[in-house]
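Chain nomenclature is as follows: A, B, C and D, assigned in order of appearance, with residue numbering initiated at 1 for each chain independently.
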Amino acid sequence: DASALDIAHFKGLAPRSVHSHKGSYGRLLCVGGNSGMAGAIRLSAEAALRSGTGLVKVYAHESSKVQISAGRPEIMVTSTNLEDALAWATCIVIGPGLGQDNWSRATYETVLHYCQNNPKPMVIDADALNIMASTASFVSIDDYVMTPHSGEAARLLNVTVEEVENNRFVFARQVAERYHATCVLKGAGTIIDDEKSAWVCRHGNPGMATAGMGDVLTGIIGSLMAQGVSTPLACQYGVSLHAKAGDIVAKKQGQRGMLASDLFDTVRMLINE
Amino acid sequence: DASALDIAHFKGLAPRSVHSHKGSYGRLLCVGGNSGMAGAIRLSAEAALRSGTGLVKVYAHESSKVQISAGRPEIMVTSTNLEDALAWATCIVIGPGLGQDNWSRATYETVLHYCQNNPKPMVIDADALNIMASTASFVSIDDYVMTPHSGEAARLLNVTVEEVENNRFVFARQVAERYHATCVLKGAGTIIDDEKSAWVCRHGNPGMATAGMGDVLTGIIGSLMAQGVSTPLACQYGVSLHAKAGDIVAKKQGQRGMLASDLFDTVRMLINE
Amino acid sequence: DASALDIAHFKGLAPRSVHSHKGSYGRLLCVGGNSGMAGAIRLSAEAALRSGTGLVKVYAHESSKVQISAGRPEIMVTSTNLEDALAWATCIVIGPGLGQDNWSRATYETVLHYCQNNPKPMVIDADALNIMASTASFVSIDDYVMTPHSGEAARLLNVTVEEVENNRFVFARQVAERYHATCVLKGAGTIIDDEKSAWVCRHGNPGMATAGMGDVLTGIIGSLMAQGVSTPLACQYGVSLHAKAGDIVAKKQGQRGMLASDLFDTVRMLINE
Amino acid sequence: DASALDIAHFKGLAPRSVHSHKGSYGRLLCVGGNSGMAGAIRLSAEAALRSGTGLVKVYAHESSKVQISAGRPEIMVTSTNLEDALAWATCIVIGPGLGQDNWSRATYETVLHYCQNNPKPMVIDADALNIMASTASFVSIDDYVMTPHSGEAARLLNVTVEEVENNRFVFARQVAERYHATCVLKGAGTIIDDEKSAWVCRHGNPGMATAGMGDVLTGIIGSLMAQGVSTPLACQYGVSLHAKAGDIVAKKQGQRGMLASDLFDTVRMLINE
């Protein structure tokens, strides 16, 4: 008995106050982009900007800095002073392109440790979920979101991917309950579960099964949370925006060969409706 | 009793002489772009080119050079020989992405010292204002502009942000008087004050509260000054172009998710009217 | 008696299953991009993404990493751990921008050695063909494609370019037979020969005689193979898509000055028909 | 009595042979792009590709490589083995962003020395002209073009800029005669002089007085020469294409804020007419 999500049911964000400034729309820190995976965190960061966050900073591996900012000058990038960046942020995304090497684990530990003591809304995705699964670490903060696909959910619950695939609602709830998080279980019919209720997205198409699509979703959810949207609503609305944008782009240009960054303009259009 | 600025009131720049060359439209030096903040000075430099300056050079941190020129080959970039670059320039912008570390302060001191002895039209923005506030330095040249937002103005005057916000006209005048500069106090209803008169911009919208928008404004004002427009008029016209461009883009594509670089094409269109 | 290929004769790829994920559309590894030739492998990788492969990784020279991912964040890039990348892949492209220096040869040897023991569908192009010719190495795996132009075919067969040009069908068959590969002999009227049958492409125009066009073709063929299309069909359909896209772009914007990356949008359009 | 050049008078390039390949349209080497001036040589190289040259390679300073190829993967780039690159080329452009430091002079000497012994069509521009003026070097090859603006012409002839400006036809002829080159004297009404005849371009506008416009012209002329167009015709047609493209772009989007790279699409359109 999950509720079905349809973009038409959301009333959209409130008009912006005339007296707002760029700090009014959040300061989002996106952590990831290890060597060779700069693109993943760039996609999250750009998606967050296109979803309306005022300031977006990336913390990435030294070797990824140029690629992240060369094509999108509005993104700030740092590879040093992670604690300063965490203190600056009002919301945190961790995982896209993080990898699982020593740098990844040290970065993950620093972020988690900081957030235990200084709770801030947080989205945990991709390799951060894999590190979480491998270290059996728990996060005891209130407002956080986990965005596994089936494989990551399986690792988080120590079950097989087939088990997750055959019973997605059950395992979305299990992730939410075991980790006390809002779980966004990605896939055909993405499920959101906040331990009490579940929602399933009506939009989306198999053309979205392509590199970086998840990174864009993570950026959108983080962006909404940074703008003050409540955690479950940010997940429901973010998932719906992302999937509907994918449907609109696929309808215009086809499912095959659609890339993650193709969604930016359409996400922006939808979020202004 | 500030005069209201409306883009329709400006007659625009005079037609270009057939016998002009690229030096006829100024040589603008943009100083900033510390490590991790390459994008800020890139936005200023590109805005200046799109506003008609013939030659734009950036002086930035060594680690920012690639990002600044990779996407906009018309920008020149250097991270050495700042004095040569200052001598080359006919107008200077300092501040976007400058930061506040040792490199920032050394760079700031070199620029200010040079300009005291070799006065050139100058725009001081962002972290250059913060360094100015922290060092209580003054600039004794004629044609210079300061472009603080409320937070920067508060630091420059050693008052609270709330005080500035509650009495923007008074504090715009105070900045202008204390620093003998034309002050552009950014925000909803940007104010220009040249110690004697004040103007307030009718255009603009809260979608412009996003990363890099101020950098674009600084580039536009610097560009107009480099093209020979008088300092107060460059501020009035530059602020109006920037805010009107933001309104046009927001009307077409929505306020939320608008990025600073989205304004370039529209600024170019408006400056040709 | 080669069969003529016309894009209208292909029924296109089957609709995507609703329950697919990004792994369902292959993991393509593109090997090449030596120092100064980053663009070649970037073109192959981007063409593969636009043709529908779910995940594309590039293995390139250390000095090429930034250029490859800066403009296309969906591409992953590595310059270390080639064996890990090979193990990750379900299909391999080697050659674009590979060069012929020590790094090139070591890279080539590692790939060939790996694939002898772990056969995977493979496309061998450009400098990988030149290395192959110079080392008289053979590949004893089933599903592989060689994509020489006339010059490369001549080197592979130790004949002159003129001989190849004067008897293209004969020499396409000779390449296929000697190397037990499907041969795609590029040129005006590209020929595909799988040792038993031959096909010739009706589409294409001399505007396609420009840098990087072959790299794009290689990426398309590799992409189709990664998506599970059989080797000869991937060659026939890939060659037809590429040539027809070139015709469409040339008709709209002229043959002269057409660049390889101009084809991406049109390839994407055609592959969705 | 210079002949007036109008784009309508050119019959355009002959249709391409069906049996041509990318080598049929030349291999152009563009030399320049010192540290901080990568953009200049990138603009020349991209203009050459858009004008129809099949293969374009840049020889630039080590620190410029990433910026040159990141945004235009069809360009090859090297910072080593200049002699190999010279041997590879069928036509050479030298000067855009070359600078005047030790690297510039060593590079210039290598190119000139090579071309004295291995004559190839050549375009000498920008800082290469300044080095030429300062070293009083002469080039004793047949097919070469010099493309000074008034300031560079003045340095080449050891006269003042005012003298050149006041008598452009006379000094264009003097450059041509003294250096035994075809001289393209840029400015309002660009003049071409081949020692015997002179032509003056009817197209062009003061919006073209902006950074990089000359680099684009140099790339177009080099591209035409690489495609086999005779030297004086390449100059006449190249200048006309460039100026007319600038007029078309300015008419659509205004003179002010037009950038050099805005011309690429229009040059491509015109060259296909």
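To be clear about the criterion, contacts are C-beta pairs under 8 Å (C-beta built on N, C-alpha and C of every residue); 3 or more make two chains touch, one makes a residue touch a chain.
What you see is a predicted model, and the numbers here were worked out from it, not measured in a lab.
Chains that touch both chain B and chain C: A, D.
Superposition on CA atoms relates chain A and chain D by a rotation of 180 degrees, given as a multiple of 5.
Comparing the residue numbers each copy contributes, chain B and chain D share less than half of them at their mutual interface. Greatest Cα centroid separation from chain B: this falls to C. Chain A and chain D have centres, each the mean of its CA atoms, that are 48 Å apart.
If each chain is reduced to the centroid of its CA atoms, chain A and chain B end up 34 Å from each other. Residue numbers of chain C whose C-beta contacts span two or more other chains: 66, 70-71. The touch graph of these protein chains is a ring, one cycle where each chain has exactly two neighbours.
The list of touching chain pairs reads A-B, A-C, B-D, C-D. By the touch rule above, chain D contacts chain C in their complex via residues 13, 16-22, 24-25, 49-52, 54-56, 65-66, 69-79, 267-269, 271-272. The residues of chain A lying in touch with chain C in their complex are 35-40, 42-43, 63, 66-67, 70-71, 149-150, 165, 187-188, 205-207, 209-213, 253-261.
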